[in-house]
Amino acid sequence: MFFASDNWAGAHPLIAQSLVSYAGGYASAYGTSDLDRRVEETFNRVFEREVAVFFVATGTAANSLALAATSRPGGICFAHAEAHMLEDECGAPEFLSSGGRLRPVQGSHGKIDAQELSREMARFPAGNVHSGQPMAVSVTQSTETGSIYSLSEIEAIAQIARSRAVPLHMDGARFANALVALDCSPAEMTWKRGVDLLSFGGTKNGCWCAEALVFFDPEKAREFGFMRKRAAQLFSKTRFVAAQFESYFADDLWLENAKTANRMAKHLATALHGSNSARLAWKPQANEVFAVMSTAKAQALQAAGARFYDWKEPDQWDGSLSAGEGLFRFVTSYATQEDDVTRFAEALQRA
Amino acid sequence: MFFASDNWAGAHPLIAQSLVSYAGGYASAYGTSDLDRRVEETFNRVFEREVAVFFVATGTAANSLALAATSRPGGICFAHAEAHMLEDECGAPEFLSSGGRLRPVQGSHGKIDAQELSREMARFPAGNVHSGQPMAVSVTQSTETGSIYSLSEIEAIAQIARSRAVPLHMDGARFANALVALDCSPAEMTWKRGVDLLSFGGTKNGCWCAEALVFFDPEKAREFGFMRKRAAQLFSKTRFVAAQFESYFADDLWLENAKTANRMAKHLATALHGSNSARLAWKPQANEVFAVMSTAKAQALQAAGARFYDWKEPDQWDGSLSAGEGLFRFVTSYATQEDDVTRFAEALQRA
Amino acid sequence: MFFASDNWAGAHPLIAQSLVSYAGGYASAYGTSDLDRRVEETFNRVFEREVAVFFVATGTAANSLALAATSRPGGICFAHAEAHMLEDECGAPEFLSSGGRLRPVQGSHGKIDAQELSREMARFPAGNVHSGQPMAVSVTQSTETGSIYSLSEIEAIAQIARSRAVPLHMDGARFANALVALDCSPAEMTWKRGVDLLSFGGTKNGCWCAEALVFFDPEKAREFGFMRKRAAQLFSKTRFVAAQFESYFADDLWLENAKTANRMAKHLATALHGSNSARLAWKPQANEVFAVMSTAKAQALQAAGARFYDWKEPDQWDGSLSAGEGLFRFVTSYATQEDDVTRFAEALQRA
Amino acid sequence: MFFASDNWAGAHPLIAQSLVSYAGGYASAYGTSDLDRRVEETFNRVFEREVAVFFVATGTAANSLALAATSRPGGICFAHAEAHMLEDECGAPEFLSSGGRLRPVQGSHGKIDAQELSREMARFPAGNVHSGQPMAVSVTQSTETGSIYSLSEIEAIAQIARSRAVPLHMDGARFANALVALDCSPAEMTWKRGVDLLSFGGTKNGCWCAEALVFFDPEKAREFGFMRKRAAQLFSKTRFVAAQFESYFADDLWLENAKTANRMAKHLATALHGSNSARLAWKPQANEVFAVMSTAKAQALQAAGARFYDWKEPDQWDGSLSAGEGLFRFVTSYATQEDDVTRFAEALQRA
């Protein structure tokens, strides 16, 4: 009953296998091996165009270097008030972009509201050195609250970004979960709707450590190799990241993993919704479920071996907590078993 | 005949095995799992004292964050003119220490000359805001040219650092190779001789990706957790780095790997020395061999499948090149086979 | 009728005179001249304790270097949502503190609400590397909206800062205006109430360029000389800043200038309030007056030669604008003449 | 007998006068006043082309922001080993360019040797992310040792810079001294010979605080306004810098001041050369004289009221010191009087 986070899971057996299969032999280092090249080609195929892809160590690195890559002096990146960048990365985006700023934008369900974005960006008129200048917009797909931007929502935000000539970044730490929920192509969810850079995460979806920054316009990435190295994010034995991605994409393992995670989240939501101990805080769309229950019940469940986190209330939430209640987050992953959910449902019944 | 670099090798079978064995199940993320804790304890045992150890993604990250951790405004770190930090890290130490400076110090065989160090540090008198102020000294063990600081040489440098109240950092990307060459304890080669921080590298010696920054005074590391996270160097699934280190230390695998690499370097040196096609540039002490030969012969060897790099001449070298000659670097690793060396010796004969 | 900003004024005649009187002769550079020392002593007297004072080029520099001086990895400085630091400094605080973050705190009348501050700081629990950690709190006195923190309000905020062991910074770009309005001593408005660092501004109150960062605990400033030089903020001929401050403090010129500015603001407020063309948005407490009027009237006034700026509505304002109305800011200074206000009042009548 | 530095002098009477004449009245702030615009036009005239000019607080700021403006990830700026940037700016160039590196280049008389520059740049082959990449070359005119690059020397260095597609920066803290020594036009000494950016210093030549960064291609300066503001270098009352420059350029005051300084240096050199107490270390070309004398004599002169500094021996100097001798620097300025030199000559005789 491990629903604490999708990074509590380990590595999918096929990915572990892939790593082992490349353990022997020799290959040139720093991203120049045949395997590296092959996986780069796979990214081109997955996204139906030539992209520039750079492996990095963490999702935070991908996000932060996206910011560094779009950086301008006095630059501001607009992101949802509850975005990972703003809440959970210890200032890495600001640090690695040498002081770039993140401006929180409001919106319900963890998604940037397009009108709010326009309003916020308008506070930074072109040429005003005092206020600084827009440098990027960042959306998270799926979001920190388990919701998903529709394709048209992405497009609307991209248009606003483009109206100020700044790139649109997507934090795709849970890219696959959103993709299978929307049932569209990777191209459709990204560059075809105006996304310019993507933090493409594999770690939460079955890899050990496989994160990449993807530029949909390779021309924009010309200096990025230096930027990655300067940030100490260039692995020497990159082929082991490549090996993970090779297996990740093979036979659509990544999509299968995400489908499993999302399906398990639905089951979990059903269990929570159906119990008289808890209510869903909002409808889950990917692999995260948020529920309200009494803190006493939550403690009982935790005592029974369930793992999940307290969650702070979002600023823009139409629900509310009564006395003694808390808001809790449950995350599923490729590794979640039906049995985990069943046992949780039973514990819930008992609690 | 892969002598290009020790990071062209893959992963030792026991380390690959260890990773697989931890692929299943769940564990808390971001360095808090039982395995993480256990490996931290192992570091304490290895170094015979309580240390603070932080896993990071790359050796460059370990070096750069060591600098960040010792940073002062206007701070200068003194390192050998051919140190990896200065020559091969694309400015990461400067970037991640927010503009800290590296000051090259001369010395033969890739080692800081103690008198030169004193002379250089004297250029930065205490309190002079124009020149800036010393913040650290960094030595590389073993060095970029395959040489090794003796324990008393380390101690002499540590004393100079201490006389200006700055810490001594050791870049130990090839720590194990030096250790087995000196045949002393890890404690003896570090804190007992005045080393304050250590970049402890496992990647070049049989791991896939296992680098750590070790503080011998844990008190000095109190804020470092934030520093690592802010630099986007905190893996979520850190236990897979821990797993590598667990296996690395078990049954002294790390020492065995280093002994193999050093022994193979000796064989290779013998082969080079014994041929009439090449001469040793200087005596190898760890797992790197530098030889002078005609570029024509080098090309012939490369055509025969040998992999090794041209090397720029060090500033302080008592040898010299004749016309048509080049200086070449050969690196061995845990993965180098006797057979590789034998075949190379034969190719050398033929060349 | 120049009410655009207090930095549109030039320099008070006595300050201009002081500069001329020091134009000849020689003096040692970089803050070491007798005059520099003398003015440092004056700061000690003004603040009734030994302080460490550092001249810098701009108010933005003082604020930003205050942040740099209090910086921690992953550090967050809490400031009012409309603070100059956040709205008007082009990211300088973030840049010069190497990526320190500013977290907006709400509160009416441009002042941090103590409860909001507590709530915001609680989002950053000690030791949580993901969220980052508090590093400072900053208040502006007088604020961007012309209001003033009472001494007990300062104290309350200082207590919250101290409860998290972070320093309290005061942005005193308009320090003198607040001081004479509260009619208390400089010590009383600062360190006696828990302020640790002060951006002390002279430029808006009659100097040409005289800004300083004041540490009330000189021990905390030990490395700051390097920090200032590294930020390129150490003038060579610092004695000309010192000369301005000498004259600024002599015979309480600074307090007289501020009293003039505040008195003129009161007159202006009376004129606006008394007209049927405008209404005061809120009660002015220092040298800034905010009024609501129709944009048509505002344009008529501007056409008649009055200079003042449109102002964006504050997030927390109990007033509101009707259609066709705007919010406008009027700033007075030491240079404002009674006659300016009288003519403005007449123009208002005509508009 | 103040020969310690040209920044020990105060302000030329005409410049002091200019400041006073603009003390009254109002003008728009932050570089937008009529006077600012007028002085910008003057820069265009002085340099015989449209330039983009930005006032900053210090010469260190001009140099550092030049580096920031030319910055690339992993970027390296090549400068003479004894350049002010490298020796006297406390790491400001590195800090304000977010970790850009300065690479020392050797050359006699404080001037970059073109061949050495080529050799050093060749160490950074295009596309090598490990070594980093060239981002700029910087020359100092006149140099720290009082020498001057000839026009063809500048051109030769510019060609090398251009061959790697990086800009050439000139540190012109003593621009006027070099200009009058070469007796050429400002255009001739800069963009006509391939200089792209210029730190234009007025402070050492009669101003109180007047430094500017000049872009010879205004297109390259499009984002620089944000860069300056983000570095806290945008004065609010910029017109007082403009006022200094207005007077500085009027009636060629700047050239007259420099001629005086250079002439006084010649007199001083003659006095030193002619005495049997000292010998010239090398021939002075601008306003700095370096002489060798016994430290005993130097102390006697200092006791007699002369002010001058010990100087460390340059790395590339064909002279040498005997036991008991020191190398000393004497700097003259617009303010140096014939009488100062005469009295010094007499003291020298007596010493």
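Each chain gets a letter, A, B, C and D, in the order it is written, and its residues are counted from 1.
Note that a residue touches a chain if its C-beta (ideal position, glycine included) is under 8 Å from a C-beta of that chain, and two chains touch if they have at least 3 such contacts.
If you want to know which protein each chain is, UniProt gives these names: A, B, C, D = L-threonine aldolase.
Computed from a predicted structure; not experimentally measured.
Visitor: Which chains sit in contact with both members of the pair chain B (L-threonine aldolase) and chain C (L-threonine aldolase)?
Guide: Chains in contact with chain B (L-threonine aldolase) as well as chain C (L-threonine aldolase): A, D.
Visitor: Looking at C-alpha means, what's the farthest chain from chain B (L-threonine aldolase)?
Guide: C
Visitor: I'd like to verify one number: the distance from the centre of chain A (L-threonine aldolase) to the centre of chain B (L-threonine aldolase), where each centre is the average of its C-alpha atoms, in whole angstrom.
Guide: Averaging C-alpha atoms per chain gives centres 34 Å apart.
Visitor: Taking the mean of the C-alpha atoms as each chain's centre, how many Å separate chain A (L-threonine aldolase) from chain D (L-threonine aldolase)?
Guide: Centre-to-centre distance between chain A (L-threonine aldolase) and chain D (L-threonine aldolase): 50 Å.
Visitor: Could you put a whole-Å number on the gap between the CA centroids of chain A (L-threonine aldolase) and chain C (L-threonine aldolase)?
Guide: 41
Visitor: Counting only residues that touch at least two other chains, what does the list for chain D (L-threonine aldolase) look like?
Guide: As it turns out, chain D (L-threonine aldolase) has residues touching two or more other chains at 30, 73-75, 89-91, 95-96, 98-99, 129-130, 132, 226, 229-230, 234.
Visitor: Which part of chain C (L-threonine aldolase) faces chain D (L-threonine aldolase) closely enough to touch in the complex?
Guide: Where chain C (L-threonine aldolase) meets chain D (L-threonine aldolase), its residues are 2, 4-5, 7-13, 15-17, 19-20, 22-30, 56-61, 64-65, 89-92, 95-96, 203-204, 208-209, 226, 229-237, 239-240, 307, 335.
Visitor: Quick one: which bits of chain A (L-threonine aldolase) touch chain D (L-threonine aldolase) in the complex? Just the residue numbers, please.
Guide: Touching chain D (L-threonine aldolase): residues 30, 68, 72-75, 98-99, 127, 129-130, 132-133, 223-230, 234 of chain A (L-threonine aldolase).
Visitor: Using the touch definition up top, name the residues of chain A (L-threonine aldolase) that touch chain C (L-threonine aldolase) in the complex.
Guide: 73-76, 87-91, 94-102, 123, 129-132, 312
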